[in-house]
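Structures given as structure tokens follow.
In what follows, subunit A forms one complex with subunit B and a second complex with subunit C.
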Partner chain A sequence: MRIDVKCFATLRGFTPDGGQMDVVPPLTLSGLLEKLGVPEKEVRLVFVNGKNESHWSREVQADDRIGIFPPVGGG
Partner chain B sequence: MNTSFQDTDVSRYMKNQESITLEEQEMLWDAHVLVAGAGGLGGFLIEMLARAGIGRLTIVDGDCFELSNLNRQILALETTLGRSKAEIAGERVRAINNRIQCSLVPEFLSEETFFAHCTDVHLVADALGGLASHLALFHACRQAGLPLVTGSVAGWTGIAATVLPGSPGPELLWQGQDGEDAEKVLGSLAPVAALVASVQCTEIMRFLTGKQPALAGRLLVADLASMVFDVLEL
Partner chain C sequence: MTKILRINTRERSFRYEELGEYAGLGGRALTSRMVLNEVPATCNPIGPDNKIVMATGLLAGTLAANSGRISLGAKSPLTGGIKESNSGGMMALKMAKLDLLAVVLEDKPAKDTPLCTIKITKDGVTFEDASSFEGMGTYPVAEQLLETHGKKTAVMVIGPAGETLRLASSIQFTDPKGHPARAAGRGGLGAVMGSKRVKALVIDDAGGAGSEYADKDAFKVASKRWVEILRNHPVTGQGLPAFGTCILINILNEAGALPTKNFRQGRFDEVAEISGEKMVEHMEARGGRVKEGCHPGCVIQCSQSYNDKDGKYITSGMEYETVWAFGSNSLVHDIDDIARMDRLCDDIGVDTIDIANAVVMAMDGGMIPWGDSKAAIELLNRMYDKKDPLGQIIGNGTAFAGEAFGIDRIPVVKRQAIPAYDPRSVKGVGVTYATTPMGADHTAGYAVCQNILKVGGDVDPLKSSDENIEISKNLQIATAAVDATGLCLFVAFAVLDTEDSLDVIAKMISAKYGIDFKASDVAPVGVNILRDEYAFNEAAGFTKADDQLPEFFSKEIFPPHNTRWEYSIDDLQKAKA
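Now for the complex of A and B:
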């Protein structure tokens, strides 16, 4: 199944080409981070379809739109 | 200093009137905003809040301008290097409108300074840098029951959110040591700081004129590298 993924700030380089990737279910958000190569300890917020998702054990669904954020604190 | 709205203010704010009614303009004049930080975000924000006609500003920043601020901080000039950010911000506000009541606090914000200066404040603007500073201000506003309009930046990424008492905030973004902050790696840029400050100013104006802030419990995310903008539910 295909999902949209965008990684922000320092994690930007982990965004898949074209912002989309094909994954095989079942895949949790934690599993997705691992697949992308994003160190989980560097992630602070994950948004799924525009909503903050604190349960990273949640399974990814087809067409999900996922945003991944590291700590951002510059002023 | 901060006398009531005057006849000359009608001319001063003439270009606002199709978007901000005279009654709303008076509400802004009667408002008191504490701006924490007068650097990248704070400089732009203070400029816009003064021009918007906020009648009372408390500006807190213990830092002085240095060479590395010149890339983005509107108040950082070759002529202001080494000088207090709070003092320079005060000079700028007075140059825009000498009737704005401006309290300057050239100290780094601590829990003590915050509670000493938040009396009569209607809203707090978070223009601080550093994960620990954002988090401390977030908790202090929660404790004081004050609304907070926050912003932060890292490279081409900027975020902004409004945290009303009891509503969710983006505090998870500020968990960790300051060294883990994406800004420490990516730095910060003038267009991102100006954009986030603009969003913060707009939210502040909405709140102070009795409107529901558009970002209450939500996070505006801007990635100027890819021109992606999104509003996410916290």
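Now for the complex of A and C:
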């Protein structure tokens, strides 16, 4: 199934081509990070369809839009 | 002995005073107490009874990292209420070296009195004619003043906007590179300084010794741990220096809360072109500096120097709020034009949030096309001409411009423009916008931490919960306390997540002053500041009806999360300290 995935800031190099990828369910968010090669300890925020998901055991669904960020701040 | 320096701008005289009733206060604690005590709440903000109180924090001039912020207090010409406007730059350090806790500008001369530059040295105060600076931008004026008085002096300066008493005018401060790119931006304090016919203030701290530590050894121990705390936290130690505040552009877009096209939706299609990542890409390719501190002693280095494609310097201190307001909220996606607009705002001396949203009002009113950055730049340039009515309208900020152009959805609270987080989808900060005495202000109680960034907690941004009221209330108290210390508010990212940090701050204060200041004393400092501010605003005529967002936020659904603003006036009063 297709999902949209973007990685940002220091993790931006891990974004798949075109910001999209095909994956085979069941795949958790943790599993997705592993698939992308993103070290979990460098990730702070995982947005799924615009909402921050704190449980990375959650399974990815078709057409999910996922945004991955390291710890960041601002004003 | 630490002193307060009072300057009468009508007589062009000055006197030094002991701290008296202001002993023990610093930064915003001092400015708000002094404004409450000495400025009649119903006075004309550009009349003789308003004052500008410029105060350093309790830790100013010490070894403490990130302790050099300055607080400016007055009655705001924009909101009509009390204002504390906070800035970086060189001023706090230089004042501390001269052992000045506060400099107060009082009274005002006749309207056509020639502008002056106030010069402060260890020997006292002199007033120099500044007529030749009339109408000049802050960049050329700062350059000349540093040339005349020395590169090591600190400069505080208003642009043409302050001179013409624009409601959204700022007071600019020179940064460690000498650029007047730091701003006491919000609330129109440039107009207060302009009404007193002061174009600039220069401090030369040569020969100043500063003040002693009560216990320097204890201070050094706490200070060492303080730097460790800031360096170890991933936000203050890595995230902010690497990408600056504009990293938030992609985060808020992802969260569906990046206000786009005058707060109509929370995502912007061209977001990648105005992101922090794009800025870093440009800075690395063109020269420019990816990280820069706004004051000596800053270890967070969140700011930057941004160059054009030919490697020429455009601006510094181009922050998230500015990029958002001139970017997605205007439908502009040319980051280089946004940089030019940031530079223009610093030179003209205006608050980027209120001015950019005034430009948004012009777009929404059909004065210039949406997304047309060249037209926006042309509009901003009009503010240099005091005879240009359109320029003068824009310079008065979002509420004034919105009314001029017949906009029925003006994003302001207490007539100050709402910042870069839509309150419907970041409800915690929405509570702050409504209830802080400052008018719509995100830094006053930055609940974005818990709502979006998961710093200091995790609270659903989309729900109209009691929790969102609670986090705003607590953050407003904590922020006010931080503002009394002179510490940069961004230390809060580390402080909220690090258990011993309040203790460490308390130890630094204790060791500096030889008192027993405890972590539990921090919150009361914040509460007292807020109570002073509530008292002023009440006397100025504000009621709880003013602690609410504009109607359209309750009536309009905000995509992509399709949220509305739901808190009532009485709900919101629970956020008051």
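Here is the rule we use: the second predicted complex is superposed on the first by the 72 of 75 C-alpha atoms of A that agree within 3 Å, B and C clash if a C-alpha of one lies under 4 Å from a C-alpha of the other, contacts with A are read in each partner's own complex, and residues count from 1 in each chain.
Please note the rule applied: contacts are C-beta pairs under 8 Å (C-beta built on N, C-alpha and C of every residue); 3 or more make two chains touch, one makes a residue touch a chain.
The model shown is predicted, which means the values in this text are computed figures rather than measured ones.
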If you stack the two complexes on chain A, which partner ends up touching A:51: first (subunit B), second (subunit C), both, or neither? both
First, second, both or neither for A:12, with subunit B first and subunit C second: both
I'd like to check the shared interface: which positions of subunit A are touched by both subunit B and subunit C across the two complexes? 6, 8-10, 12, 44-45, 47, 50-52, 67, 69-75
Could you list, by residue number, the parts of subunit A that touch subunit B in their complex? 6, 8-10, 12, 42, 44-45, 47, 50-52, 67, 69-75
Residues of subunit B touching subunit A in their complex? 37, 39-42, 127-131, 133-134, 151-155, 157, 159, 168, 170, 172-176, 178, 180-183, 185-188, 219, 221, 223, 225-226, 228, 230-234
State the interface residues of subunit C toward subunit A in the complex, per the touch definition above. 233-236, 238-240, 242-248, 250-251, 254-256, 266, 276-277, 302, 319-321, 442-443, 446, 449, 452-455, 458, 462, 489-490, 493, 560-561
Can you list the residues on subunit A that touch subunit C in the complex? 6, 8-10, 12, 44-45, 47, 50-52, 54, 67, 69-75
